[in-house]
Amino acid sequence: MKLTKILTGATLALGLATTAMAQDKTKVGFVYVGPVGDGGWTYEHNKGRLAVEEAFGDKVETTFVENVPEGADAERVITQMALQGADLIFTTSFGYMDPTINVAAKFPDVKFEHATGYKQADNVSIYSARFYEGRAVQGHIAGQMTKTNTIGYIASFPIPEVIRGINSAYIHAKEVNPDVEFKIIWAYTWFDPAKEADAATALIEQGADVILQHTDSTAPQAAAQTAGNVVTFGQASDMSEYAPFPRVSSIIDDWAPYYIARTQAVMDGTWESVSTWDGIGAGMVGIGEFSDAIPADVAASAMALKESLADGSYHAFTGPLNKQDGSAWLAEGETAADYGDGGLAGMNFYLEGIEGSIPQ
Amino acid sequence: MIRLEKRPMPSRTLPMITPVIAVIITMIAGGALFAVLGKDPIEAIRTIFWDPVFGEFAFYYRPQLLVKAAPLILIAIGLSLGFRAGIWNIGAEGQYIMGAITGAAVGLAFYPTESIFIFPLMVVAAAIGGWAWGMIPAFLKVRFGTNEILVSLMLVYVAQNLLSSMALGLLKNPEGMGFPGSRNIATNASTSSWINEAAGLHWGIVFAFIAVIFAYILLYRHILGFNIQLSGEAPRAARFAGVNPTRLILFCLGVSGALAGMAGLFEVAGPAGQIKIGFNVGYGFTAIIVAFLGRLHPVGIVLAAMLMALTYIGGELAQGTLGLPSAAIQVFQGMLLFFLLALDLLTNYRIAILPRRAF
Amino acid sequence: MDLSAINPVLLIASLMVAATPLLLAGIGELVVEKSGVLNLGVEGMMIVGAICGFAISVESGSPFVGLIAAMVGGAVLSLLFAFLTQYALANQVASGLALTLFGLGLSALMGQSYVGIKPPAMAKLDIPVLSDIPVLGPILFSHDPVLYVGIAIVAATWAFLKFSRAGLILRAVGESHDAAHALGYNVILVRCLAIMFGGACAGLGGAYISLIRVPQWTEGMTAGIGWIALALVVFASWKPWRVLLGAYLFGGISVLQLNLQAAGVAIPVEYLAMSPYLITILVLVIMSADKSSAPASLGRSFHASQ
């Protein structure tokens, strides 16, 4: 009897803890999967956090915990933030999905924002970026800059986001260069500089003269620089230290506008649970400055492509497109749906023309 | 001159006192480190050591300390048996992973059936998985005389790769939108290890304390415990006394493997929820340190595990509230271990100040 | 699938680069283990070497100064381990693990202001005529200097252990510290020197990653190579030239894996990735007939009064 009483007491206390907090500053918490010094994924989320601090000054207080493993520890760290009186908590990795939902159920008054996941709740929004739009621009440039017609692609894990990127880059490279061929390496890591360097070297040795990467370190850039005549694109952050060559452009994760808007919404009391999937248009996906190494006409058409993606007049996946096995995916003029069967959110197939198979 | 002398008998009081001294020295050295980083040292130390246990939200952190400590206790208890006998299993991390995989696989196989028999079955499967992984170095040692330290360490990496393979393939959640990772088994009552999630109580904690009691009885009230001690301290004498080294190796590695495997299951079916890449966060290695800090004694292990759990949880708290980088917490933990290990010396040796003599 | 895309010459040349950090850390640990000490802190010493080398070469502008600093950094960290295990007689397994934990944290703290910086480049040692020889040129004569230093250290270690008196003492200490002590050798001193050599080599291996192979600084960038180095020493059955062979084999598997993928061969990545460890276990079993290879005192503490 006594035990159940204590247990119920603890449950109640969890729920009540936050309501008692005094509200002067808006407290925003961030949970990071890597160190803020990773120069890639976490680094960019942290830049978003700093932008929130800058935008609101004294009215906001931000906290973060870095290097949080995507398992049992995540739930405790998120709970800790909620207990400490956070009003809004951003959990910035896919693996935080279930922990975020669990904690959110216990703290109905705290707002949660989970990056790249698919589970929403009354007080949990989800947000992600349409990186594949940036990949379209990359593919467009890469297809015209390759002389060997071989583009190397360092992929991380076989998940829909990465597969979308490969497909998008491929069809836009193919569009401008019918002879283009993709060589894909699955590195099974988001971040392992030594392995990424080896992967880039292997691709270059097999004739690739453009390297696209979906891993976060600058190691492939350095490998390309050593090789001399290989084009690269920055990933996650601008990687401008390798501009103007080999890095000719980049995809930048820019979370700042979203983080500022959501913090503002909490302050105004207008926060609602939403599912956001923004691209170039909303500024969540930034395209790094084109360097002079890109021929002027290529830069101009790439810019036009970027504009049409931004204003919504063009969708990166517009039919006719077939799957790798030749079966139809999108009919002439049809654009890909976000969700549902064959939707982008769960994309698990290559498009026609890409060789090899997605590892299972 | 100053020199070390071996004590005729290991000190009985010092093992109780040295950890306290080590913690105090770490607080001073760590405080200096935090001060260098521009943080208030007193506040930082208080946040790490005091707030989780006695602070405003202690009602939440106290059970969390047990959640964090339970796998460490369970694994370290198993390891301590072998360590006492001079059998060095340092691959508990691999056994932990294998137990989690086999246990979770059983749970997933029954999805979405609901029955109270599923969870016990998962525990058994996990124990077998961990046991089998521990038996590989044991068998190779018995049969070929290979070094169990090295074989068990190698098997950690094999297990890690198996884990990735499972998360991406066989055990992948068919409704997971293509993302790696299994279904969440913690949210389903028949496969969950939670007894009461809100209170932070799961079966792993219960089993950890059962293991402590059993280990205590085994070591101090049972002939097998005596044989284990004897083999570690005087292998030759043990052989004359009729201790069968082969059986001892199989027993110690088997038990520590099974316990580590069970720890893996309680974690995956509770706090972690899913089989996924990077599910293991180093409990198997930390438990080795815990076993030594606890002087290979069941009660000492509980205390050492709680201390480690405290630095983890307090460290996260200090990150969140004071903005200390996680690297500073790691360094702090490293210092704590160094001081604890260094002061161990005083248990078996004493510092003698001798008059200077000509030799 | 297009296997002809793989150029074996370039493959060998790049696997030599991939193997060098492993080689350096492995040969250092070999000497440590030969003296009877098991230091599981290789990963920690490597990562500290990586940041020391990186920071100092950025500050000084000279990669060579950086490499020296990396060796010093690794050796200084290893002194902590030496103190704990040799003077405080702490357990080696626990001390080594603690060293890795400490080293990872320390390196991350030290490296906070070095993220996103490019280090000064180290020139390749393109020997004018020799590097143009087909096949042999790219494999043998067209690398950075540290790669050759690594091979030289292997040769020197081999000669030292086999022919020198000091090497004999080192081995004696590793085989039976009590006997070595009875013969009047300073067991503790020998082991401390071996541990420092191991630290310096690991530090150099780490700096090879941060200065040459990648080159950049990021937290945790050694990504487990120090642990593979431990496997490597066992795989090599404590013989220097086999460390070289093993490093190229281990490095080769990872590079070949990437090359096969690029050539479009569908390979089960995880199973290939676990193969070095399985092979090492196999080697251990095969080697078990040869009882002479593992130092007999490996992992045991020594105190003169015992």
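Remarks
Per-chain numbering from 1; labels A, B and C assigned in written order.
The rule we apply is simple: a residue touches a chain if its C-beta (ideal position, glycine included) is under 8 Å from a C-beta of that chain, and two chains touch if they have at least 3 such contacts.
Please read these numbers as outputs of a predicted model, since none were measured by experiment.
When you average the Cα atoms of each chain and compare centres, the chain farthest from chain C turns out to be A. The pair of chains sharing the greatest count of C-beta contacts is B-C. A straight line joining the Cα centres of chain A and chain C is 35 Å long. Put simply, the C-alpha centre of chain B and that of chain C have 28 angstrom between them.
For chain B, the set of residues that touch two or more other chains comprises 164, 168, 325-327. Touching two or more other chains at once are residues 108, 112, 219, 268, 270, 273 of chain C. Counting partner chains per residue, chain A has residues 35, 188, 359 touching two or more of them.
Residue ranges on chain A touching chain B, taken from their complex, read 6-7, 10-11, 13-14, 17, 29, 35-36, 63-73, 75-77, 79-81, 83-84, 94-95, 98-99, 106, 118, 157-160, 163, 188, 345-348, 359-360.
By the touch criterion given at the top, residues 57, 59-60, 63-64, 67-68, 164, 168-169, 177-181, 184, 187, 196, 198-201, 267, 270-274, 276-279, 281, 312-313, 316-317, 319-321, 323, 325-327 of chain B touch chain A in their complex. Contact residues of chain A toward chain C in the complex are 34-35, 37-39, 43, 152, 183-189, 191-195, 197-199, 201-203, 205-208, 217-219, 222, 241, 355-357, 359. Residues 5-7, 10-11, 14, 17-18, 21, 108, 111-112, 115-118, 209, 213-216, 218-223, 225, 254-255, 258-259, 261-264, 266, 268-270, 273 of chain C touch chain A in their complex. For chain C in complex with chain B, the residues that touch the partner chain are 38, 40, 80, 83-84, 87-91, 93-95, 97-99, 101-109, 112, 219, 227-228, 230-231, 234, 268, 270-271, 273-274, 277-278, 280-281, 284-285, 287-288, 291, 294, 298-299, 303, 305-306.
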